[in-house]
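The following blocks contain the structures, represented as structure tokens.
Here come two complexes built around chain A, the first alongside chain B, the second alongside chain C.
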Partner chain A sequence: MKEKVVKVPLSVDERWDLIERISKQTVEFGARKHTLKDAIAELTVKPLTGIPVAIAVIYGFWSFFVDFAGTLFTDGFMVRLFDEHWLPWLQSVFPGGLGNKFYALMVDAGHLEEGVRVASDNCFEAFGVLTSGLFVVFGVVLWAVLAFYLMFAILEDVGYLPRLAVLVDTVLHKIGLHGYAIVPTFLSLGCNVPGVTATRPLETRKQRFMMMTLLAIFVPCGAQIGIMQDLVPEMMGWIFLTLAIGYLGFGFILNKIVPGKSPEIIMDVPPYQMPTLRNIGRKLWIRTSRFLLVAVPFVLLGCLIVGLMYLTGAMDWLAAVLGPLLMGWFGVPAETVAPLIAGFLRKDLAVGMLGGLMEQGIMTTFQVFTSVILLCIYFPCLATFALMLKEENWKEILGSLASLIAMVFVYGGLIHLVGIMLGVA
Partner chain B sequence: MNETEEKFGAIYFAVLGAVALAFGAAELIASAGEGFTWGILDSSGASDPMFLPWKAIILLSAGFFYLSSVKNFAEIHQLAKAVMASIMIWIVAGMAIWARIAGSIPGEETWFNSLEGFLASYAPPYCPEMFLLPFSLVIVYYILKERETE
Partner chain C sequence: MKILLMGHPNVGKSVFFNRLTGAKVFESNYPGTTVDFMKGWMRLEGEDVELIDVPGAFSLEPKDRAEEVAVKMLAENRDSVVVCVLDASKIERGLYLALEIIERGYPVVVALNMWDVAEDKNIKIEVEKLEQILGVPVVPTTAISGEGFKELVSKITEAAPVKIEKIIETAGGVSVAASAGEGEGGKSAAVS
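For the complex of A and B:
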């Protein structure tokens, strides 16, 4: 008679015990002389030595980003190219001139000075598809994204990213995520679209939902960072601190209220190696070209839609309707409506629009800070949202949207409150 | 690594560690106020006020790493600490040099800087990490020595 076998699933602890027993029977343990590379690899994952190294690596990353994208390309060449050559040339040859609707959409809507409409003298203010649109993409964003992906590819190929994941594992455990979450987070700092895609290896729906929601709300993309760095370099530290507090704080709350499990994952930590120029070049080309394919149409479309809304009076109507809410709850002027609408399409474009408002002296420094944070957290850009629709089911999408709305009101109001208490709002 | 090399390494990196620590502390104090410029040493953070405390923490850490590597310097894990300290200095000093290169290429009024303007961008004063950079390169000798024995 055949004996009936009952399969009982193993608990997590039993599985680990089994792994240990098998490894004891099959793996030979012996003394192995450590090499210098091994010793360095160990130092970079131990918190006491690993954290200072991580601080240095992130410093190098950020410093290169600022000087490559900001100092050298955008401020060094692109601002001059667009403001001193491209804008005046278009203003002189494009048919129509100030007051013409097509000209306003494509080149320069101008602005009022003592009741007289005057031409813009920089591409942040002009807000035409061919001026601000192209300046945002090719004058600022391209160099920011290029710098980001270059550094990212180097860190990836050297083998540092998995070590960073090990280092932050303890902190991220507190919010129901694992060290691996640093990979989608870092990727999202380049572009949220590949960041959301990189959440796929996470095991449970809870982890994926949490990760996608946190990325969509609190992680600005490289393009947006590039524009922020160009507009408000002195505020970057505060902006990142505010977003990091939100990421961890909101992650902690989500972990408590979202049902589901966050099981352990095992990550391979490869040895350090020298990156190859061919690999770096290939990654850089693939990522940057894909980014531009997504970004360019949305930025140009964003410029067009916002321009049309201004021309038809829809923007003024929206500003009148939403103005009291924006001013009363968030402490930002009604004019912020236009960037917030543009932000549905592209956040970088929206931050660029804030630059125009700053130039016109409409906002105080604290209002600029609040607006930049609001633009980060209020809604993911359209490309990211489209991907989230694909990756999440409708319940999760509704959950993400509900989280977004709650987060914007709570966090935005809190920032305003802090400003009032400090006497700066 | 023979005994003389080990002894020299221990003393050398102890001194370098103390100097890195002093520079880090000075930058940390400078970041709280207006900063300082002393002869050809500049810690004003005029061009990058956000980076000054960040750099100070890195230099302090590098100093601690060097000092903690001194005891039993030839041991591989101890040597690794000195290597990591040097890499941290290379990162901050490398970025300081990169910032000068990036700032020296575009001109004020013209597309590209003049030769005089370009060269003037590399004139002193220099930040502390740039002074530490050449001295930290001594670690390359010890890395090569270690490779010979691997």
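For the complex of A and C:
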């Protein structure tokens, strides 16, 4: 009989050996039954059936997003509430009136029509903190974010995302990314901040750097998508196509020039589960409240800063300085300087301001398209950037910024060029 | 006393957490990192006890930032009971983590979660036998439908630290071949 001295902690082998002994005595692996769950699991992973399922799921996701957030809440209810009741009411009761500086900041700056300052008749145009600011957050973006997170939580809890990742793995391998990349990308479509967080399971610095840079540049967030959908619904297809081409193309280039390895990621594919109402409700609450916590102050602050820049003449000065570059290289009017400034803080506010410019009729359709794309790619919003500062080291931050600047000029110029060749720019 | 909820990623830990805690939960950031974790309270024998949802970890030898945080949180909360959530259909790899926690001297309750999945896969686990070998409470649960939670909660106060030597003894010892085959110093030595 051997007497053993056990040293704690056990070695890895000893622990596995112990587990094997325990499991031999307590676990019995019977013949596997092929259950309905297994059948569904296979259908969604095998390419022949999985791709149509993926398309159907994404289409369903998008339809819900557009119909629930856009048509039902924003167009059906919020636009009317804000434009027909909130704005006129504020215009009538707020002290000061058109031309007053404080009134312009808070309610309505108005705009010049044949030399006469006239009041705005919708919340995109008004640019005030209490009008455009609140409208962007509570009229449009909140519903988009809510719809997105509801659908996302369901997909997450059912267990569909890892299967989608397995499905797109081969395609993404071609640009040096892995199927897992679909998870941070998808999540970023809600908000880039959790998207960046979701890059953590990536193993090497190269993978994380590539992923974060691609997310920050090419993936618009739910807030932005919501307001784009409200403003230019007919362009959404083209916008997503342009961004997707940029994402894949630039990913391919980054993979070639960034040093480091990109090892395969082993992913865990959990079985399908029935989602519980409680869990979904809780996730929805946490994510949405967190969104409001970030969005409300930033949007209102952004409104205020841009308003002040208009009032002090700083905006006109910037427009005059940057105008030639904007017009010459990107083919967009100097006035887009204002949304570009706002975009540092919040992308949804920036696109909303673009809406104001569109209402004034100073942009062609193609210019609107180019501006929307520029707003997506030129800088991640402040919250995302702050997180990247925490996640990346200074070398990587410089790398991200350099890629960003190069990308904006190359891709923005390219879009302009295509526009010129097509004769629409 | 605190309760730490630990387990692999994807074993239904967050559903578990939601089932156990009340409406007041906080998502916090682990200082100095970007890893977030959830914190809440549960009623245990008339008292409010803090429950922490530790980031998912495969083992206590950290391979990524979330695992690093998990190890640190465990070390910082010496007075905790650990509820170790296992995927019952992949019980062996879950036991690895559970044993590591037991070795460090924590009172552990093992939850065999995803019990329904294990049943689907026709995996039969003798819970009583497992409980007897490990010397800690073992409870089958299905977090999604809420089965087994009442029993789990009632077992938390029963949890007590167990010596790993005792587990090895009841399991029938560690084979000499496995440990001797290591050939490295510092591992357990078989003395005749």
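We adopt the following convention: the second predicted complex is superposed on the first by the 392 of 425 C-alpha atoms of A that agree within 3 Å, B and C clash if a C-alpha of one lies under 4 Å from a C-alpha of the other, contacts with A are read in each partner's own complex, and residues count from 1 in each chain.
In this text, contacts are C-beta pairs under 8 Å (C-beta built on N, C-alpha and C of every residue); 3 or more make two chains touch, one makes a residue touch a chain.
Computed from a prediction, not measured in an experiment: that's the story for all the values here.
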Task: Scan A:Met236 for contacts with chain B and chain C and give back first, second, both or neither.
output: first
- prompt: Taking the superposition as given, does A:Leu387 touch the first partner, chain B, the second, chain C, both, or neither?
  reply: second
Task: Go through the superposed model and pick first if A:Gln273 touches only chain B, second if only chain C, both, or neither.
output: second
- request: Have a look at where A:Thr35 lands relative to chain B and chain C in the superposition and call it first, second, both or neither.
  value: both
Message: Let me test your reading of the model: by the given contact rule, A:Asp17 touches which partner, first (chain B), second (chain C), both or neither?
response: second
- prompt: Of chain B and chain C, which one touches more residues of chain A?
  reply: C
- prompt: Looking at the overlay, what does A:Lys256 touch: chain B (first), chain C (second), both, or neither?
  reply: neither
Query: Shared contact residues on chain A for chain B and chain C?
result: 35
Task: Provide the residue numbers of chain B that touch chain A in the complex, in ascending order.
output: 48-51, 54-55, 57-58, 61-62, 64-65, 76-77, 79-81, 83-84, 87-88, 91-92, 94-95, 98-99, 102-103, 105-106, 111, 143, 146-147, 150
Message: Under the stated contact criterion, what part of chain A meets chain C in this complex?
response: 2-11, 13-23, 25-33, 35, 37, 157, 197, 200-201, 203, 268, 270-271, 273-274, 276, 278-279, 282, 286, 290, 387, 390-391
Message: Help me check something: in the complex, which residues belonging to chain C touch chain A?
response: 8-10, 12, 14-15, 18-19, 25, 27, 34-36, 64-66, 89, 91-92, 95-96, 99-100, 103-104, 114, 117, 120-126, 129-130, 133-134, 144-145, 164-165, 167-168, 171-176, 178-179, 181-182, 184, 186-192
Field: Residues of chain A touching chain B in the complex
entry: 34-36, 38-40, 42-44, 49, 52-53, 55-57, 59-60, 63-64, 66-68, 71-72, 75-77, 80, 233-234, 236-237
